[in-house]
Amino acid sequence: MKLLPHPLYLAGEFCKTSLSTQIKNPYSGKPVAETFLGTWKEVNISVQKALEVRKALQETPSYKKSGILHQIASEIEKNRQHLAGIITSECAKPLKLSLAEVDRAVFTFQTAAEEAKRLPKEYIDLDWMPAGENKEGLVKYFPLGIIAGFTPFNFPLNLVAHKVAPAIAAGCPIIIKPSPKTPLSALELAKIIDKTPLSIGAFSVIPLRNEDAHLFTDDDRIQMLSFTGSPSVGWMLKEKAGKKKVVLELGGNAGVIVSDDCDLNLAVKKCVGGGFSYSGQTCIHTQRIYVHKNIFSNFTGMFLKGVKNLKAGDPTDPATDISVMIDEPAARRTETWVKEAVKAGAKILCGGKRKGNFFEPTVLTNTDNAMNVCSEEVFAPVVVLEPYDTFEKAVAMVNDSEFGLQAGVFTDNQKRINHAFSNLDVGGVIINNVPNFRMDHMPYGGIKNSGLGREGVKYAIVEMMEPRLLVMDK
Amino acid sequence: MKLLPHPLYLAGEFCKTSLSTQIKNPYSGKPVAETFLGTWKEVNISVQKALEVRKALQETPSYKKSGILHQIASEIEKNRQHLAGIITSECAKPLKLSLAEVDRAVFTFQTAAEEAKRLPKEYIDLDWMPAGENKEGLVKYFPLGIIAGFTPFNFPLNLVAHKVAPAIAAGCPIIIKPSPKTPLSALELAKIIDKTPLSIGAFSVIPLRNEDAHLFTDDDRIQMLSFTGSPSVGWMLKEKAGKKKVVLELGGNAGVIVSDDCDLNLAVKKCVGGGFSYSGQTCIHTQRIYVHKNIFSNFTGMFLKGVKNLKAGDPTDPATDISVMIDEPAARRTETWVKEAVKAGAKILCGGKRKGNFFEPTVLTNTDNAMNVCSEEVFAPVVVLEPYDTFEKAVAMVNDSEFGLQAGVFTDNQKRINHAFSNLDVGGVIINNVPNFRMDHMPYGGIKNSGLGREGVKYAIVEMMEPRLLVMDK
Amino acid sequence: MKLLPHPLYLAGEFCKTSLSTQIKNPYSGKPVAETFLGTWKEVNISVQKALEVRKALQETPSYKKSGILHQIASEIEKNRQHLAGIITSECAKPLKLSLAEVDRAVFTFQTAAEEAKRLPKEYIDLDWMPAGENKEGLVKYFPLGIIAGFTPFNFPLNLVAHKVAPAIAAGCPIIIKPSPKTPLSALELAKIIDKTPLSIGAFSVIPLRNEDAHLFTDDDRIQMLSFTGSPSVGWMLKEKAGKKKVVLELGGNAGVIVSDDCDLNLAVKKCVGGGFSYSGQTCIHTQRIYVHKNIFSNFTGMFLKGVKNLKAGDPTDPATDISVMIDEPAARRTETWVKEAVKAGAKILCGGKRKGNFFEPTVLTNTDNAMNVCSEEVFAPVVVLEPYDTFEKAVAMVNDSEFGLQAGVFTDNQKRINHAFSNLDVGGVIINNVPNFRMDHMPYGGIKNSGLGREGVKYAIVEMMEPRLLVMDK
Amino acid sequence: MKLLPHPLYLAGEFCKTSLSTQIKNPYSGKPVAETFLGTWKEVNISVQKALEVRKALQETPSYKKSGILHQIASEIEKNRQHLAGIITSECAKPLKLSLAEVDRAVFTFQTAAEEAKRLPKEYIDLDWMPAGENKEGLVKYFPLGIIAGFTPFNFPLNLVAHKVAPAIAAGCPIIIKPSPKTPLSALELAKIIDKTPLSIGAFSVIPLRNEDAHLFTDDDRIQMLSFTGSPSVGWMLKEKAGKKKVVLELGGNAGVIVSDDCDLNLAVKKCVGGGFSYSGQTCIHTQRIYVHKNIFSNFTGMFLKGVKNLKAGDPTDPATDISVMIDEPAARRTETWVKEAVKAGAKILCGGKRKGNFFEPTVLTNTDNAMNVCSEEVFAPVVVLEPYDTFEKAVAMVNDSEFGLQAGVFTDNQKRINHAFSNLDVGGVIINNVPNFRMDHMPYGGIKNSGLGREGVKYAIVEMMEPRLLVMDK
C-alpha cells in the first residue's frame, strides 16, 4: 500500500524534500505516513520568508489576528475525530486522551484569540522627580521577532498550539520543528492554518533530524528558541543560543503529598490518573507519591486496586486507559531503571514487566533518591510510593530533586496549604489534585532544572514580546 | 482658666466665628478647648477658595503632592505624644489606643504619598473591530472636584486622614466637617498642613452644627460627599445629595464565627479586644460572636475571664483598656437596649451597668434578632455570645442583619474559609481575626446598609477621581 | 391585518397583559406589532424570580456564563437581517445603520463572553505595618444584585445589549424596561436568550409606561438602576433611588474642534456623519462644530456640500442616509428651537424645515449659548457651526456647557492634543474623529450633567459588582 | 602619605585580601585609596553566606524590607556631599553631575522601598473549562536566588543602587562586583548598608580582576547574573552563564532625530547636554544626531556655539561641564577612531584632539556607517551630525545600527511621534528630549545588541523573581 505523503509546510507551500521518512504507529508497528525532513535549504527559506513578513505581522490589527485564531480553533473543532485519530496513530495515545487533547487545542487557540486583543500595555507617570515633570510614558509590547519552536512527541497537537497560537497573537513568525516521531498533527494543523488569511511566512512546519537543530540555534536571524522537551536537550540549546532568548519547558519527577486530613478517595482517584495517564509520558507525570504514615497502608491498598482497574490495550479502543510507550528504547530504559531500583532495595508493589514497547503500570516502594526512578524523569508508567512523618518533611522530600515543575498536595488545612505554597520549590502547587493538573491558560513552567520562562497563552505571548517605552510630553 | 481657642481653618486662614463652643473632656467632664462653629459664610468662602484652586491642584506634579503628604506624615510622627493627648482629651480614648491611632495616621499619609505617584491609568487597544483600526486609547483619572468630608468622633485624627490624604493625592480640594464633639484633632492637623506648600483652598476644616450639614448637600459647586458615621445620617445625606457622588462609610453589627477547629486562645484574645476596644465605639466593633456548640462553654469561660481582666479607668493612664463612652446619652441608650434585651429573655453574663457615661463591658447570651443589641449597631461595650450548630448556619446567622461591613472567622479549614468568603454578605471577611481588623491601605467598606463605596487610600483616591478617555491615532 | 402580538418576557415566560398597545413604524405610520405593558404584578414576579436565582447566578462557573453569551452573539449574527429589519421598523433607523447596530450587538455579547472569564480580582500584601504581618488579602468581585435597566429608543438592540451582556457576565439578574416606543428589538433578544441555558429569572423584559418607572425605583429588592436616556429623567431617577446604586448614561450637546493643522477632508467627512447620522438622535451626536477662523469658510463650503449629498427617504432603502425622526412631537420641538434661534440672530446655512416627523438636515451659524440649539441636547439633525480664534478658546467654548460626554478634536499637533485631553471636561476626547466615535468595549460615559458611572462591557461589569476582601494568613 | 584602605565587604565583614591595589584619581593622576581584590575564597564565602540567608530574606515582611531601603536612602541623602566627592575622585565626573547621581541613588532606594510593598501578585480564575471548575489560582513571585551584579565605572553609585535596591526589595542576596577602576562608591554604600538591619549575607561587595569574573559565571549556586557594562563582555557572560538567568544592560550608539517642526532652542540645548555630559561616557550618550536638511545649517551653528560654551577642567569645580575621560587608553581609542573617520572622509566641525586622558568635545559630519564613530559605541565626547531628507529616512538611519537602547525625537507632530514609536527599534523613544533621558523608575533596557531584560526598580525586581502558581479550591 502506498503511504499518504505528508509534505512539510514551508511558508505557504507544502513541499517534499529528498529526505523522505516513514512514521510508524507505535502500537501496530505499521507505517502510517510518509513525511519529509528539512535541510538547511528549507530552514533558510522559512526564515527568509519570516523576515519578509515581520513588519506586516507587527502592524496587523488585533481583530484580524483574533479572527484568524478563532478560525483555526473552529476548524480544529470541526475535525475533532480526525485529528484525535492522527494523534493516536502517531503516538499511541489512548483515543479518549487524544480527544481531550484536541479539545484543549481548540481552547488554546480560542484563548489566544482573546488575548491577541489584550496585549500588555502600560501608561505611567514619569513626574516622580523634577527631571520628569510634564513627561509621561507609554509601554507597548512589540513582537520579539522570529521564533523557532521545538515540540515533543507526547502532545503532538496541543503543545504545538501552545507555541503557534501565542506567536500569532504576539505577531511573531514561527517555525515549528515537531518531534520527528510525531510530525503528523503539526502538519495537519498546517493544512488548517494554510486556509486562513494568516500572512505567508508567518508559519512553517519543518521536521528535522534532531542533530540538525543547530540550523536554528546558529541562525542569527532568529530571535527566540521556544523549546518543550527533555531537560538535557533543552539546556544544551540554551548554551548554544548565542544572543537569542530561550524559553524551556522541560520535565521533572513531580511529587505529590497526601496529607492525613484529606479526602482519600479523591486522592487515590487523582493519583491513579496522574501516575499512569498516557503511560506517564507527560512533563508533569505524578512520579513520586508521599503519603502520611497513618494512612499509607490504606492509601496503598486503594491505589493498587485503582491501578489494577486500568484497562490496557489498543489505543484506538475508546475504553483503553493505557497503551504502549512511544518506542521500544523508551520501554527498555524504563525496564533497566526499575531493575536497578529493585537491585538497590526497592520493592515492586505491582507491574514492573516490559513486553516490546509496552510497560506495565508499575508501583514501587522502599526507594531512595539514589535510584533513577526517584531522581530522574522516569517518563513512563512508573510511580514511587513512600510514607512520610510530618508535613514539613514531606515538603522537603518533594524538594529533594533537581527538578521543580509542579507538585500536588491533598489537604484542606490552610496552614499546610500555606506552608506548601511558601516552601515547595516548583512552578505550580496544586491543592487537592495531582501535579498533572493544567489549564491551558494558567501560567505554566518549571524552576530549577525543569525550565526557564512560562507558557500558558497570555504568559507565552509576553515571553514572545519585548517592551518599548515612549516618553512624551503631557 | 481661660480656654485655648481653636479657630476653624478656612482655606489658609485660622479664624473665629460668632458661634463659639466648648469641647469637654468626656472623662473628666471639664472643658478642654474653645472652638467655633461655621455658618453659611464660612462654607461659602471655603468652597469659593476650593473652586479657585481646582485647576492648579489638578496640574500639580506627583512629586510635589507626594512631598507634601510625606511632610504631613513626618510632622504627625514628630508630634505623636501631643496628638495622642489631644485625641484622648476630646474623645476619652485610652492613651495606648490614641498612640496607635496617631501611628496609623502617619501610615495613612505615607501611603497616600506613595499612591499619589501611582494614580490609575490605562492604555488600551481599540482595534477590536474594523471601526477602531489604527486607534488606541488612554484612560487617565482626573480629580472629581470639591469634596465635603464628614468625619465621626471615634477616630478624630485617622478618619480625617482617610479623607484628606486621598484628596491631596487625587488633587481634589476638601472641606472637612469634623464631629462637633471632637474637632480638635482635625484642627491640629490643619496646623500641620498649613505649614506645607499645599495650595491655599485645597483644605479647610469647618466644624458645623449637625443640622447645618445641608450647607454642603445643597451646594452644587461640591461634587462629592464623603461621609463616615452613622447609617441613618449617611443614607439621609445620600437622598439629599442631588447630582453629587456619595461615599458612605457606615457601621454595622459585625459578627464573628468561632469554628471548632480553631486556635481557641487566639480567638478569645482577639474577641475580647474586638468586643471592648474603645468601648465598642468603632464601626467594625465585634458585636455578635457565634461559637460552635462543642466549644461554646469553654469559649465563654475563657472570654469572660478575659473581659474581667480589662482595666477600666482614666484614659490618660497608659495601662487603661476601657474608659467612658463619648457622652451620657450614648451610655443611656446602651443601658436601655440592654434592659430591653434582658426583659425579652437575654441573659447577662457580665457587666450591664451604667455609671454616668461609663458603661461596663457587657456580655449577653440567649438573645434573638428582635433585640436592638443584636439587630442594631450597638456602638458600645456590649457583646452578644451565642452557640451555633453547623458552619453553614453560623454564616446564615451573621448574614441575618441589615448590615454588612466586616466579619471574622476563626478556622484553619480551607473549605470553611471558602464557604465564608463566598457567602458572608460583607465588605471584608477576616480569617483568624475579628471584624475590627483594618490595615489602612486595604479596601474597606460595607455593603447592604453599611455603606457605599470603598476607602483605604488607593481605593479612596479612585472614588475621588473620574476617568477620561483619549482616543488617538496610532 | 391582524398584528403579530409581542408578549413581554417574564422570567422565562412570554406573557400578555391587559395593557395592550400598538407599535407604529415612524416612517410609514403603520402599526407593526402589538405589545403589552407591564404592571406592578409583572414587575413583582420578575423581581421575585430574580431573587430566587441570585445565588445560582453568583455560583455559575465562568465557562458557562461565557458559553451563554457566545450563544447569544452567535444567534444575533444568524438573524442579522431580521433584527435589522425590526430595528428599522420600530425606530426608522436607516437600514445600513440598523445592520451596523446588529453587528455591534454581536460584538457587545462576544466581548462580554470574554470578560466573563476576566472579572476583576486582586491579590494584595497586608504586611505594610507590623499589625498586618503574616496576613495577605484577596479581593473578589461579587454580583451587586438585581438590576433594573432602562433603555432608550435610539439603539433598541445594542443599548439593551450594553446592559444585559454585562449583567450576565457579572452574574446579576436584570429586568429591562425598554422604551415603550421601541420594545420589539428587546423582545426579539428575549426570544434568543430564552433558548440558552441562562437560569430562569436572570432576564426579563417588561415594557412599562414611563410613569410606572417608580415600580423599580421604589422596590428595595432591586440594588441598581442602570439608565440610558435623557438627562432630566435620569437625574430624577437618581433622586428617587433610595439606597440603590445608580448608573446614568445621558446625553449632551457634544462639540468638536477643527484645528487649522488638520486633514480637512477627513474632518468634513466625519462631521457630516457625526452631525446627521440617525438624524442626530444619539447621545454623542455632533451638535457643535468649532472651526479655526482661517479655515472656517473652506470648511463651511465643504461641509454644506457634504450635507447636501445625504440621501433622505425610506429607511428600508439601503442607500438612505437620513429618514424621519422618532415622532412628530420630537420634530416639532426641533422646529421650535430652530425658529427661536433664528429669531435670536442665528443664520440657517441649510435645512431648517419640518414635514411631519421629518426634519431637514440643518446647519446654523451666528448662534450663541443662550439658544437651546447650543446649550440643550438637540437630539435632532441640527448642527451649529462657529469659527474660533485660538485653540484654548475653542476648548473653552466646548466646555461652556452643562454637559460633558465626548468631544472630538481634529489635529495632529501633540501640544494641542495634550491641551485638549487635560482641559476638555468630558468623558472622552476623540482625536481626528467626531464625538460620536464609540467602540463598544471602550470606557464610555459622561461627566457633569451627562451622567454617572461608565459602560463599555468591562466597565459596566465592574459597576454591577462589588468587591469583597478576604484577609487570610499566609 | 598613607592611603586610606577600603576593605571589601564580605557578608557583614569589612576585610582585606592579599591583592591590594590603588585607586587613582583620573584627573589628578594621584592615588586616592587602597582597595583589595577578591579571590575564589572571598567569592565562595559571600555565596555561602548568601545561601544561608536566602530563606530568611524570602520570609521578611515587606515593612521590614521597606524600612531598610528607606534607611539606606536617608543615609545616602545625609552624606550627599561626601558621596559626590568620592564619585568625582574615582571617575572624574564633574561635581554637579556627581551630586545629581547621589540624588538619583536616593530616589532609586526610595522607589525600591515603595515597590517592596507592591511585589507582583495575580489572582486568577481557572474555571474557563469544565476541568477547572471550582478551582482558582494565586500567582506569587518568589526571589530567584543569589544574584551576582556587575557594575561599570561611569555611575559608580547609582548603577550599584539599581542592582542592590531591587535585590533587597525582591528578597535576593546580591554580590556586587564593581568596576575595578571605581569600587569606592560601592564600598561607601556598604558602610551605610552595614548599619541597617539587613540580614548578614544579603549583600557583599567584592572587587575582582575582570579576568576573575568566571568565579561568578561558573558558580552553580548563583541563579542570576545582572550585568551593566560593555556589549562584548555582556554577551560573553551570557554564553558562559550555564543555567543562570542573565540580564544585560549594555550600551549603544544612540541616535536623535531633530524634526523641522520642533523647538530648535530646546533641541540644541538638550543635544549639547546629551552629547557631552560626562564626556559621553554613558550608555545612552547621544552619539548620532540627524537633523532635517532645512534646519541643518541653523542647528549646526547653534549646536557648535553650545559646545564651545562647555566649561572643561577640574571635575571638583562646581562649574565644570566636562573633564578627563576615565583613563588614557580610552582617550587614545577615541583619538584613533576620530582619525580613522577623518581619513575616510569625515569632517571635524570642532574638537578632535587628545591631551593625556582629556579628549576635546568633538563634532563630526560627512560620516558614514562604516566608521567606528558611527557604528560602534564611541563612549567618548564625540558626536556625529548629519542631515536627513524625510522623517521615515531619519528613522531608518537611527535603526541602521546593531544597537537599540534609546532614541530621541524632537517633534510635536503626532503622526511623526507614532511613526517613531512604531518603527524605532529601541527600548525607549524619547520625545522632545535626548536618548540620555532616564527616570530611575521607568522601564529601561535595550534590544538588539544593547541588552536583554529591563531595569528600573519595579522592572528589575520582576527580573529578580519567579512566579509560583497556587491552584486551590474555591
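Every chain is named by a letter (A, B, C and D) in the order it is written, and numbering of its residues begins at 1.
The criterion applied here is as follows: a contact is a pair of C-beta atoms (placed from the backbone, for glycine too) under 8 Å apart; a residue touches a chain by one contact, two chains touch by 3 or more.
Note that the coordinates shown come from a computational prediction; the quantities given were computed from them, not determined experimentally.
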Pair from A-C, C-D or B-D with over half of its contact pairs in common with A-B: C-D
Most remote chain, CA-based centroid, reference being chain D: C
C-D or B-C - the one linked by more C-beta pairs in contact: B-C
Rounded Å distance, chain A centre to chain C centre (Cα mean): 46
Separation of chain B from chain C, taking each centre as the mean of its C-alpha atoms, in whole Å: 37
Cα-centroid distance, chain C relative to chain D, in whole angstrom: 51
Chain D residues counted as touching two or more neighbouring chains: 122, 124, 128-129, 132, 138-140, 414-415, 417, 422, 431, 472-473
In the complex, chain C residues that touch chain D: 61-63, 66, 117-119, 121-125, 127-130, 132-134, 138-140, 411-415, 417, 431
Chain C residues touching chain B - in the complex, by the definition given at the top: 58-59, 103-104, 107, 111, 122, 124, 126, 128-129, 131-132, 135, 137-140, 235, 238-239, 242-243, 245, 417, 421-422, 426-433, 437, 439-444, 447, 449, 452, 454, 466-473
Residue ranges of chain C in contact with chain A within the complex: 114, 414-415, 418, 422, 472-474
